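One structure is given below, encoded as structure tokens.
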């Protein structure tokens, strides 16, 4: 019985911050493979990249659930339980978004990827790098939240940039693309990329609320 | 250190109910601009309305996160913390849905908006008005939940009505529209409008559970 | 006043496990009607099946909110409150997915349903049956989690199978289908079916975390 009365009160000191850091590194890796995947136009290549990302997505899933499980069996946590839960869950959402984007690229297989799609993947990578840096601040921002606050602001700005790229691209796509099936492919792939930048900004919102709560 | 031991126990009496009321007023305003936006068919007009709604969406976001932040730094809350959190978060979802609908209208730019789309926007506004009234009941429904209960019932009924409007429209659209790209535009815009009526009904479900819990 | 100080401390022993079992039975029933609905190609038949599923979806909704309400007014629960909440909410999501799939079938009304669609509906039913069996383990898995663990593994495997069916089908659809509107219909219906298998696997993930936490 893991959760006997006593075991729940014995601090087990699981390493939540290193686990979150690891999760953010998986996110970074996935975002790099995503950029690469958008530079290839052969179906088999696109499927190969998707498979690589899918493996990373599973690793992210494993880490996320490891964090959840440790949360549920640990009595003492560095933040409130829900805060660590939300943070891990949100990092996982970003990785899921990258996975969905790569999957759509592989199974829809559009003729070519517009520059806007590649631009969005670079913005996702920029966000991933910021999130990865932010994880290093988790055990120090209570004393000095300056850096963490700056990362949040930049996540917010990048998301606004991504919004503009997406809206400009879709407006033009619906004005110009006459091939309906090609339009569907590009619309759905860029939508998933844009949603992924949203998910990354959501991590920023959670980090910002941690600053309000603890710093 | 905001969260020092003592500061957490000092009641700060943040005004959760006035903040929720304010959030619901932003929702009402957004729903009115949405109705207007669906009465115009020029791309620039549609973009102008979208921009207005986007500003309201940001104001809603600001208020929602203000509520979250105050929740996390306040010891005494009028309801359980999660209830206020869920309520604010759900109100924000309705505003997000209105924003997404207006965004799709602007960037897809369909030739014309069917009467069903306009009907859905009016139903969203009816729901917004009910939600706004419901916020006035938050500090009194424990004594008399009659009005709040009635608003919940009406939110539920409006959602059923919206479902019928949506289903009837999409069935006809897929039977009759032969222009594939126009079909995509209208399908996606009305889907977002319908989802927004769902989100508004979800507010009703939360309010109903508050009655069960506290009244 | 239901929640007076004393009433909250009086155990009311609501039957959470029987309610969850009932909810899983509604899920099973809905999954059977879904399989049937995909074997018919007349619009009126499809609408009739959708109506049947919609009734089940409402029953599921009613049960889910009954569980939520009892959670909020009960002091002693067999698991942590959030665990029961998440479980009920997730079961409800699977039923919602079945409802959305049947709705899309009815209102899009595609010419024919591919074998892959029918295969996905059978996988959803397999998952529903496993979830239904899993509910019988809730009051005994603390002593012996073997069976519950096995159900989780099988839910995970079925989801992987569903992923493959979906990806293979969509890849072929985009290669071969030249009728854009028919492509949209099939793409959207199979996407909803696939999402439903995801939701069912999510129930498995929650059950797995219950094992970690309590067994």
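Labels A, B and C are assigned to the chains in the order they are written; within every chain, residues are numbered from 1.
As a convention for this text, contacts are C-beta pairs under 8 Å (C-beta built on N, C-alpha and C of every residue); 3 or more make two chains touch, one makes a residue touch a chain.
Computed from a prediction, not measured in an experiment: that's the story for all the values here.
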Angle (degrees, nearest 5) of the CA superposition of subunit A onto subunit B: 120
Same or different residue numbers at the subunit A/subunit C copy interface, by half rule: different
Distance from the mean Cα position of subunit C to that of subunit A, given in whole angstrom: 26
Contacts with two or more other chains, residues of subunit A listed in rising order: 180, 184
Residue ranges of subunit C touching subunit B (in the complex, touch as defined): 1-3, 65, 68-69, 72-73, 103, 106-109, 180-181, 184-185
Subunit A residues touching subunit B - in the complex, by the definition given at the top: 142, 167, 170-171, 174-175, 178, 180, 183-184, 187, 205, 208-209, 212-215
